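Take a look at the structures listed below.
Next come two complexes built around subunit A: one with subunit B, the other with subunit C.
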Partner chain A sequence: MHSPLEQFVIKPMFHINVANVDISFTQSSLWMMGGIAFATFFLIALRGKNTVPTRWQNIPELFYELVYGMVASQIGDKASKYVPFIFTVLMTVLMGNFLGLLPYSFTYTSHIIVTASLATICLTIVTLIGIVLHGWHFFSLFLPKGVPMFMAPLMIMIEVISYLSRIISLSVRLFANMVAGHTMLKVFALFSTMFGIGIGIAPMLINVCFYALELLVALVQAYIFTMLTCIYLRDAVELH
Partner chain B sequence: MSLTHEELSKKIEVAKEKHNRKTSENNIYGIGSNEASMMGKALRVGTEMVSAILVGGLFGYWIDKIFDIAPFGMTIMMFSGFIASILNIYRMEDNTSSSENKNHKNNNFKGSKNIDA
Partner chain C sequence: MDAEIAKLYTTTLCLVPLCFVAVSLAWIFTTAINAMARNPSVVNDIKGASILYFAFTEAIGLFALVVSLLILFTA
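What follows is the complex of A and B.
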């Protein structure tokens, strides 16, 4: 009997060893590259310059408007500078979630190392943007206005913990949702194979419903990830 | 198909207004994005709390290792992590309400309709 968690096992495709460090090309790397290639070709192939968009041209413009609206609702007039960054984040997460729902595929966002790296990169970029815009003044983010001086050490400690916890909450949320959803799909699929053709139809029908739910979860989780990155970006750009 | 730029933007404006009116009407009666957003917020609270305590615990462990003051670093930092987690949740409510206010100002973008989960 297969384990429902077997789908998350990383399998190397080419073994590469550089100075005793294993940097093998795994199926996870393959799907990451596939996701990026798909997103890139999809967006380039469907781009158009008509003032009145055709149906196909509408698809990339829909995503662009979604991201632009998201950034503009947080940052306002200066939003367009940050749109490429946020757009890349959305596409990376979205492709990971969506391509993972194809049969025989692998969900690279179901590994905490991937989501944690992604969240760390996002938060580092946001912090660097804040430092570039405000210089040393950026660190006043960690001390709210009107705090008495004797409270300052405690407040700074708490604010720093709160700031760092963003990485964990971002990454754990995406990772947990993906793992839970895919495990559930697999468990019901296993019920189907156990019960055979007669009663086995029932878990299959439930699985169809869960699959629709998983599509929604994939979209919503990607949206949440980017939305929260936008909120953090606003904190860094506006400083209170 | 010979629309000038102004005519087109006027047309888009009208269509968007119609769309907005329709969706806001739906929100009053049906299960709108409002309820989905409440659900999302409820699910977010859990991770926000746990993550801050986890970061506090990690910090404490690290301090214990460096300064060799075995239980104290972790105890103090975990309590600070707890305080930070409450702060996170307080901030979350703050953030969403302010972003909703901003959305009303420029809700001609599709994306600014916020399912801020």
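What follows is the complex of A and C.
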């Protein structure tokens, strides 16, 4: 019997080896291109740029309203500068979570390397935005107001460690949710195959309920990743 | 004690804190329902926020699950 964790193994589709470095095109890359195809659909739907949106144009406008609402609730009126970045983050995570729910597909956000890279890039960009906007005054983020001077070194150390741990918490939250969800689905599917046609219906019905939960978790985790990036962006832009 | 048996014991021990996670989740929704009952005009705000807080608490439970899987399936 196969292990339920076998579904996360990366299998290359076309082997490409450049100077002993393996950059094959894997099934993970295939589904990442699926996510890019969805973004390309947005570009095509916005071709007409009508003021009153047509039917297809409504879909990207829906996502834009969502992202603009998220950024504006944190930053306020200078929100539209940061919307492209946050929109990209949302689309990456949302497509990663969602496309894995189609049959025979692969969730590219279920690998810690993908989510850790995503979290590192997002938080590096947020830190760079803070440094570009405020210069060296950005590091006053690590010393909150009203702290007595003898506690300052300890406080700064704690704040820096808590800032660096944001990358770990952001990436592990997304990765663990995706792995746990898909492993559960696989475990109940393996029960179904073990019990055959008669009793095997029961695990399948439980799987239907878990599939609905996975749809909700995919949406919520993408929303949370993006919302936390907006909160960290507000921390960097407003420095308190 | 054998390494395999120690791994199984540690995996089980690592999942005990999930009880506290379950209590925290129940607490979040209990206070949310109480607040919605006392002040029906903020029902929409609380509904939106409680899903967010549910996911944060769920993440802690999943951290415990990830540690247990790490112990069980690697050296």
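Methods note: the second predicted complex is superposed on the first by the 226 of 240 C-alpha atoms of A that agree within 3 Å, B and C clash if a C-alpha of one lies under 4 Å from a C-alpha of the other, contacts with A are read in each partner's own complex, and residues count from 1 in each chain.
Criterion: a contact is a pair of C-beta atoms (placed from the backbone, for glycine too) under 8 Å apart; a residue touches a chain by one contact, two chains touch by 3 or more.
Just so it is clear, the model here is predicted, and its values are computed rather than measured.
> Per the contact definition in the header, classify A:227: touching subunit B only (first), subunit C only (second), both, or neither.
Once the two structures are laid over each other on A, A:227 reaches both partners.
> Please tell me which partner, subunit B or subunit C, touches more residues of subunit A.
B
> Pick one for A:5: touches subunit B only (first), subunit C only (second), both, or neither.
Second partner only.
> Tell me the contact category for A:173 with respect to subunit B and subunit C: first, second, both or neither.
In the superposition, A:173 touches subunit B and subunit C alike.
> Considering only the touch criterion stated at the top, classify A:205 as touching first (subunit B), second (subunit C), both, or neither.
Neither: A:205 stays clear of subunit B and subunit C.
> Considering only the touch criterion stated at the top, classify A:13 as touching first (subunit B), second (subunit C), both, or neither.
A:13: touches no partner chain.
> First (subunit B), second (subunit C), both or neither: which does A:52 touch?
After superposition on chain A, A:52 lies in contact with subunit B alone.
> Mind working out whether A:66 is in touch with subunit B, subunit C, both or neither, as first, second, both or neither?
Only subunit B is touched by A:66; subunit C is not.
> Which parts of subunit A are touched by subunit B and by subunit C alike?
Of subunit A, residues 169, 172-173, 176, 220, 223-224, 227 contact subunit B in one complex and subunit C in the other.
> Can you list the subunit A residues touching subunit C in their complex?
5, 169, 172-173, 175-177, 179-180, 217, 220-221, 223-224, 227
> Provide the residue numbers of subunit C that touch subunit A in the complex, in ascending order.
Going by the criterion above, the answer is residues 51-52, 54-56, 58-59, 62-63, 65-66, 69, 73.
> Inside the complex, what are the residues of subunit A that reach subunit B?
Per the stated touch rule, the residues are 51-52, 62, 65-70, 72-74, 76, 154, 157-159, 161-162, 164-166, 168-169, 172-173, 176, 220, 223-224, 227, 231.
> Under the stated contact criterion, what part of subunit B meets subunit A in this complex?
1, 3, 5, 8, 40, 44, 47-48, 50-52, 54-56, 59, 77, 80-81, 83-85, 87-88, 91, 95, 99, 102-103, 106, 109-112, 114-117
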